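You will see subunit A twice below: alongside subunit B first, and alongside subunit C after that.
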Partner chain A sequence: MAIYLVGRVLGGLVTLFCVSALAFFATALAPGNPAAVLLGNLATPERIAAVTHEMGLDQPLPVRYAIWLRHTVTGNLGTSNLSFKPVNDLILAALPPTLELAILSLLLVVVVAIPMGLVLAQGRDRWWARPLSGLVTLGISVPGFWVGLLLIVLFSVTFKLLPSGGYIAPARSLSGNARAMVLPVLTLAIYLIPALVRFVRVTAATVLREDYVDTARAKGVGNAGILLRHVAPNTLITTITYIGLQLGVLISGAIVVEIIFSIPGLGRLGMNAVLNRDYPVIQGVVLVAAAGYVIVNLAIDLAYSMIDPRIRTR
Partner chain B sequence: MSAMPAQDQTAKAMPAARRRRGGAMLGYLVRRSPVAVALVALFLFAAAFGPWLAPHSMTDTNLSQALLPPNATNWLGTDQLGRDVLSRLLGSAGVAAKAFLIVVLIGGIFGTLLGLVAGGLGGFFDLLISRVTEILQGFPTVLVAIVVVALLNPSLTNAMIAVGLAAVPDFARVARGVAIQLRDREFVEAARGLGAGEMRILLREVLPNMIGPLIIIASFDGAQAIMWEAALSFLGLGVQPPAPSFGSMLREAQNLLAIQPSLAITIGITVSAIVLGLNLLGDALSDYYDQGNR
Partner chain C sequence: MADPLVDVRNLGVRLVTGQRETSLVDDVSFTVARGEVLCIVGESGCGKTITARSIMGLNRNDRRFSLSGQILFQGRDLMALSDAEMRGIRGTGIGMIFQDPMTSLNPLHRIGRQIGEGMRLHMKLSEAEIRERTLLLLAQVGIPNPRTRIDDYPHQFSGGMRQRAMIALALACSPALLIADEPTTALDVTTQKQILTLIARLKDTYGMGLILITHDLGIVAEIADRIMVMYAGQCVEVGPVRSVFRSPRHPYTAGLLASMPAANRGRTERLPSIRGTPPLLAEGRPQGCAFQPRCDFAFDRCAAMPLLSADDAGEGHLDRCWLPSGRLAQRDAAGEMRR
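Take a look at the complex of A and B:
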């Protein structure tokens, strides 16, 4: 068990290290001198050279990477080239909206998609199975962010019920926060639900063919009992792993949704940084998002190995 | 890469069917899923001949003709700069087809090679390649795109390199699965007995047997590529205005939601129809190869 644990943690750290190197070198090798960008068109060459030296940009690349890595490991992500604020502060300020959006959406997805997938698997011969499956295929084919635009047209423009964007911290106004989050959460959830429904349906259909389901049926257990007591638990473990693997899709989706609804989260911070070539911020955002991805998958792996001992020995 | 359930695809894609004549396949697809064939054919036609079919210029602006509703000269109306929406949609179809090609080529070539080596040689190679593709598999595509675009520049090709990287694991998984199934079969043993090297065996004996499953993945991942082109260009990481693409058009339409919502609706329905066609085609292809195996 201990070996398994150490192995998984080391694997996660290696992933993070690779991502950090990638994030650093991609931005360090990018064309354009950040010092020149910073000073604008009117700067003299001497001034640019001085600032380049000040920012440490004239040092050899490996030296810069070593310095950057040392700062990053000690939790200092540097200073924004654009606003001169510490990247740590910018990310800490951007994290709550992103986390709220991601967690609320994920909850909605799980609550809707898992029962829907289970019911679709069991009722695959009923009259409503085909239209519902068709709806799922349609859902997979519709761009998620476009659904967001449609929701804005419907709820903000036509009925004027909900704001079309912006973010209000729950500490300032709980109802304002709720109103602002309805459309973003709905958009992200609608983007993620069809894929999970499909996955649960396929997994549950496999479980339904197991012998113990026949045994339970022979013993007189009803449809609902079979679904809840036999199929759901055995579908759930695989589903949790799948959700962990889909975390990247969730992060991507959250970034797009933040842009549509102008939510000042991690995604918008990162996008603005890319468009303004604000390299320290790009590195910080990529690193924090990657860390979130690695940590959650590690947690799922570990939880999984506690539930099912067979996995540790694999 | 995709929001598609991986198991679903692989389970269907796995059986290695011998290739049959293309005519039989097309006939089956038309009977099984006429909607898919019609949508994909329409898309390919628009992508190939868009510049000749377009009734007006895709980029010429004319402010006196701005935001017209659908009419006899502009069948789908005009945008905020007076450009013909239908012409721009036809141009976007060409961009979407390019996105499809880039992603399927990157994912298909690198993914298939990695999968072949992992499944065919096994051992250390398998372990290494499986770990790397596993990491690549789940990593947020938008973050990869942000890094690629930060290094290079916002453009269709660069955005699609990021999406192509995310497609590599899908192809690798299928190629690896088929390679493992086949590496100890009689005809492979026979080739080995005749003195063929491992790499030659993989390319000459194993690769032809996975064309079917790979086509299925190409169909699904191509659909995803078109969605990603729209999303990344919408974010400003892909096609740049004034060039038309589904994403760049939607980006401009977002500012007009309150004035002319029909613009965003028209563009979105077009993208969805293309992606739906490709997804349905993928399903039908899965059934075709499944059925051939029974």
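Take a look at the complex of A and C:
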């Protein structure tokens, strides 16, 4: 058990290292000179050369990587080429909206999709199962954020009930924050729910055919007991892992939603950095996103090994 | 024997898939009394499991199956009961042991919790009393150190121990009838013997009726009071085990008995087996007697379906064959069944 966990942590660190190398070289090797972008229409060959030297961009790539890695490991992600602010500060400022969006959406997704998938699996012969399943299939086939855009049109343009964008920190106004987050969270959740419902439904349908479900029925356990005590735990154990693997979809979805709703989060920070070839910011954002992915999956592994007795009691 | 514990009358199970309807179990009737052991035998796919599951009502809410006939349990027709009433019978009235102990226990629940679940539902016992009874049950089924093993998970038990735990689980609420569907098929030979002996002993301890589905005719000879032979979803012969073993009336029964290894037979001699394979019921039931294509005794009457009937009065030995009862014995004595 302890060995298993140490292995998982080491694996996570290796993943992070690989991602950092990828983040660095992918941006460093991209065409275009940041110095030229920075100078804009002030650029002359001499000025570009001077700024390039100043930014250390004329040094050999391995040297630049070594320097960057040393700074990164010590927690210094560099300075933005654009605003000259520390990347650390930019990311810290952008993190809360993104975290809020991601966590609230994930909660909503889990709370809606898991019961729905379970109930759909058990009630597949009921009259409501077909239309509901149809709705889920529709949800999977509708393009990404179409529903979100519809929601904006409906609630902020037509009814003027909710803001169509922007972000208000909860510290400033709790109700303002809530109002601002309703549509983005709904949009992201509606984007993610159908796939999870389908996964849970299929997994639970498999569990329902397991012999131990017959054993439970033979004991006289009713439908609710079968679902809650036998099917749900065995389904969840697989679903937890699936959610961890779907985290990438959540992160990329959050980026799109931030851009649709102009939320000053990590996604928008990264997007602007890409458009402006702001290398340090791009690298920082990629690294933080990857770290989030690795940490959450590590936590899921941990939770998994505590829930599943076949691993826990080994 | 006057009042049977379970009285199955003309049980029929049809499988409906799309437009097709196939009959998996057809007109099966039998009774089991308290303290009595009925063994159901027959080749794979002849409907033994479906019959057992129908008694337990495990397929009553499965749309693909449609059931007919009556299953009278202690005088009540189980098929007419509501789901809630049926749940009250499961576990307390009828207990069931399944074929594969590796998959029939929930991997996430402790053994003790799984055994106690039925008691928690049906019996007015405190948690402490449930735990006491669980420990007693574990001891009864021969689990060493029940106090330490009660909180184990299934994966910490061997196959034989899991089946013992399954038996404890089935007996938790002292059912009047125990159904065991090939309870030892998944176990190794030495464990098989132990488990069957255990089931037979506990049947006496609890005074239950027992329906045991098995392929092992040696076991049948040892523990059964009555035997039902199934072929292609029908009961082809049923009766007291001694009568059926001594004078089988259906050629299929005779074939099964001939293929049974016996102590007095030389090791080197090859066991005879019934030629051919049973019909695939999914492709429709054959006209007339289902065994006819494989039967050495077939004659013109076999084109029509024989009824389950007794040749002589008393004993309750019935068979579904046109052959007069004496004929099979004469031919068998002449050695024609041996190939």
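Assume the second predicted complex is superposed on the first by the 306 of 314 C-alpha atoms of A that agree within 3 Å, B and C clash if a C-alpha of one lies under 4 Å from a C-alpha of the other, contacts with A are read in each partner's own complex, and residues count from 1 in each chain.
The working rule: a residue touches a chain if its C-beta (ideal position, glycine included) is under 8 Å from a C-beta of that chain, and two chains touch if they have at least 3 such contacts.
Bear in mind that the values here come from a model prediction, so they are computed numbers and not experimental data.
A.B. asks: Based on the superposition on subunit A, does the combination of subunit B and subunit C result in a clash or a fit?
C.D. replies: fit
A.B. asks: Using the superposition on chain A described above, determine whether A:D125 touches subunit B (first), subunit C (second), both, or neither.
C.D. replies: In the superposition, A:D125 contacts subunit C only.
A.B. asks: Does subunit B (first) or subunit C (second) touch A:P233, or do both, or does neither?
C.D. replies: A:P233 contacts subunit C only, not subunit B.
A.B. asks: In the superposed arrangement, does A:I140 touch subunit B (first), subunit C (second), both or neither?
C.D. replies: Touch status of A:I140: first partner only.
A.B. asks: Examine A:E210 and indicate which partner it touches, taking first as subunit B and second as subunit C; both and neither are also allowed.
C.D. replies: A:E210 contacts subunit C only, not subunit B.
A.B. asks: Tell me which touches more residues of subunit A here: subunit C or subunit B.
C.D. replies: B
A.B. asks: Between the C-alpha centres of subunit B and subunit C, what angle is opened at the C-alpha centre of subunit A, expressed to the nearest 10°?
C.D. replies: 70
A.B. asks: On the A-aligned overlay, A:S83 touches which partner chain: subunit B = first, subunit C = second, or both, or neither?
C.D. replies: neither
A.B. asks: Considering only touches as defined above, state whether A:S173 meets subunit B (first), subunit C (second), both or neither.
C.D. replies: A:S173 contacts neither subunit B nor subunit C.
A.B. asks: Is A:G270 contacted by the first partner subunit B, the second partner subunit C, both or neither?
C.D. replies: In the superposed model, A:G270 contacts subunit B only, not subunit C.
A.B. asks: Subunit B to subunit C: minimum CA distance in the overlay, Å?
C.D. replies: Distance of closest C-alpha approach: 13 Å.
A.B. asks: Pick out the shared contact residues on subunit A: the ones touching subunit B in one complex and subunit C in the other.
C.D. replies: none
A.B. asks: Name, in rising order, each residue of subunit A that touches subunit B in their complex.
C.D. replies: Within the complex, subunit A touches subunit B at residues 11, 15, 18-19, 22-23, 26-27, 29-30, 137-138, 140-146, 149-150, 152-153, 157, 164, 191-192, 194-195, 198-199, 202-203, 242, 244-249, 251-252, 255-256, 259-260, 267, 270-271, 274-275, 277, 279, 282, 285-286, 289-290, 293, 297.
A.B. asks: Mind listing the subunit A positions that touch subunit C in their complex?
C.D. replies: Listed in rising order, the residues of subunit A that touch subunit C are 125, 210-212, 214-222, 225, 229-230, 233-234, 237, 307-310, 313.
A.B. asks: Can you list the subunit C residues touching subunit A in their complex?
C.D. replies: Answer in residue numbers: 56, 58, 61, 63, 83-84, 87-92, 95-96, 98, 100, 103-110, 114, 117-118, 121-122, 153, 155-156, 166, 169-170, 172.
A.B. asks: Flag every residue of subunit B that touches subunit A in the complex, lowest number first.
C.D. replies: Touching subunit A: residues 2-8, 11, 131, 135, 137-143, 146-152, 223, 227, 230-231, 234-237, 250, 253-254, 257-258, 261, 264-265, 267-268, 271-272, 275-276, 279-280, 283 of subunit B.
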